[in-house]
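Next come two complexes, and both contain subunit A; in the first it sits with subunit B, in the second with subunit C.
And then the complex of A and B:
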């Protein structure tokens, strides 16, 4: 899906009434800038119970083939809210100061 | 209102509320979601009977509060329907949150407001504190002088709000009890002609267009909100034009023409009074009386308060020696009444240096009498001599 309104869209270029002429586009809206801490998961400890995936309010916990292990987090959507760390039954997730996910941190996949 | 050019339509005696309900019946909206409140109750009650009797196709939604009423109206409008409602005072206040959302989403919901004093203390009688408080909510506001105009305004309100360059909600206001519960002989136009004047509803991006899904009312932060508000501001000059155009078209169709404002003996007037609503009728009498005595009195009646016709007001008052603005509402903490603030700001903005008095009157239904208005015009001679008001605000009919 394309972004309807780029960040430099002028007021007269937008649809009336603040509507977005497109549905289901929250995935395109980056809220990553709100984060001042980020989650780091110990993949060895993780039992793939998917609690973090279910509870994350922003679908920022990536999942593949019903597994979150080695999948990392979405830097555009994670707000650093602590919920995943809080619900993890094995305490595998640690909140680390700073907004930026580091590629060498455990729990981060290479791919974006 | 303008003179009735010819007797046509159906001449009947109706209360203001009945006349409004009659216009709603003729407009036959898709949805009415309402909650009753004095003095507007009768509008919705009468209309509910039309629904029960099958005289309209309207989906009538009985809700549990005015907040819900306006929420349901918003939802029905976003879905793609023509939506109407009526309320007063505290009912309007309870709608407050949703008023802003309706105008921001650019939905032409049409709301009759029967003007009544806001609590507290509890008072059911007329003043303009309810709609004056809502003046920044983004709704077009029309004020009626008499029952005929209340009926006529509601029909035009539909066309003004639904104009494709406008798409704004409209409040059609009439003075509580003074108009809502007074019988007046008026012309009710034939159903087919009203329907033809109003035309079928043209939805704009209706939510029920499920082939083209859209996002309505999303989170809108520092990155887009400002642009959206700027774009909303663009609708008000368009609304001004639509009020003029529809007023003309109404005149052509039914013989009663309307505009943003009406000048009464203002051309050569030395002393002008600016007012809104039913009081304008009495001012006309007083002006005629003063003219007979050789006083160059005139009146400027404001029909549209939002959008405020600043340029037109300044032009209409140009050449007057002294002006009085009558406010039927207090603006607590402001230096004067809300209409005064708008009128003086318009004069200042367009370079007119004319002294202006402000009178607050009629709060909570306090009577205003011709003697009060004689006093207002009398004061204007002194004001013209003095060049500026001794005190900006005085009160009419107050024990002091």
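And then the complex of A and C:
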């Protein structure tokens, strides 16, 4: 089953009683358009304390092998709330104007 | 207790892509509570910001079974599901080794006010579940109306600060103590701004059988009027000023988990928030601040006595 009902889905194609059988499919919904600033992490000074990950309200900080270093922010989930920049003990994260993550910014790998 | 590296290996139970405001304290608390267990979890939800913003049709941000019935009955729904689970287990209809956990989330409106009798009944019936109150001190979902959790002096749309009243005129009620009075195994008060405190308490709650209650102060950038990025810091200031002491009560034994080295004046907590701005503009406001400070001091002294300190 597809993770999300297509926009032209008919009522009889949907589950009864307003049930959403596709658990966690909001992960496919992009709230990236909400932000007008985006975080940029300096991986040189990042100590992998994972504070940005544990305090992120939107599961937008990617973690791989116990590390946030070199793992980017999720462009679809980050709302640009500044929390990661505030909780970073080393001040490695700065908020940069503009909603779009740039490919040449450090720590913006596309991999999940 | 699991450290951050271990926690980061666990599958997220609340995904991104939900529509809570940027900087909201609720998803931080929900993530931290749910990442504290490796067992499968079932969540029931009272009406509130968390419920409406995480389940906008046809999307759901919950990677786990989730149930919402009405505003007042998150605890009743959790107790019903738990009772059914125990019955099916007894009848041998489900895996006897499955170790499901039941968690109810409610806001302060759905817990302090509307859901209080359902909560009281569910814990009295001794159901094995954890109730987490996400207390943002007003009805934020419907547009910031006062609740019985709102701090005295706060401006809300139903206690507007102006010439007639300086914000809310009553002190808030102490729900944590009401739950302690139910003599349940575990009651705790915590904040999302200290990950080790909240995950340790949630982990402890999950390890205890019977009804458990956690009261979490979740700052609301919209209703409190502070920058979204300050959410963890504001909750920490609530602990530093003893407006929201971090303590737990295990089988009637009080334990204070965080004692600020230097108890800050309440102004440290009030000043960054627009809902208390009027208290800094008049003599009447200063009197309200004094009254709140006296109330906070009295509550803190009482708590110290209860903890035998």
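What to note about this one:
The criterion applied here is as follows: the second predicted complex is superposed on the first by the 91 of 112 C-alpha atoms of A that agree within 3 Å, B and C clash if a C-alpha of one lies under 4 Å from a C-alpha of the other, contacts with A are read in each partner's own complex, and residues count from 1 in each chain.
Note that contacts are C-beta pairs under 8 Å (C-beta built on N, C-alpha and C of every residue); 3 or more make two chains touch, one makes a residue touch a chain.
This structure is a prediction, so every number in the text was calculated from the model and none was measured.
When both complexes are overlaid on chain A, the residue A:25 reaches subunit B and subunit C alike.
In the superposed model, C is the one of subunit B and subunit C that contacts more residues of subunit A. Contacts of A:36 after superposition: neither subunit B nor subunit C is touched. Judged by the touch definition given at the top, the superposed model places A:5 against both subunit B and subunit C.
Of the two partner chains placed by superposition, A:102 touches none, neither subunit B nor subunit C.
Contact with both subunit B and subunit C is seen for A:14 once the two complexes are overlaid on the shared chain.
Touched by subunit B in one complex and by subunit C in the other are residues 5, 14, 18, 20, 22-25, 29 of subunit A.
Of all residues in subunit A, only 5, 7, 9-12, 14-25, 29 touch subunit B in the complex they form. The part of subunit A that touches subunit C in the complex is made up of residues 4-5, 14, 18, 20, 22-31, 34-35, 49-51, 53-60, 63, 66, 74, 76-77, 79-83, 85-87. By the touch rule above, subunit B contacts subunit A in their complex via residues 104-107, 167, 204-205, 212-220, 223-228, 230-231, 234. By the touch criterion stated above, subunit C contacts subunit A in their complex at residues 4-5, 7-9, 12, 14-28, 31-32, 54-65, 192-193, 195, 221, 227-233.
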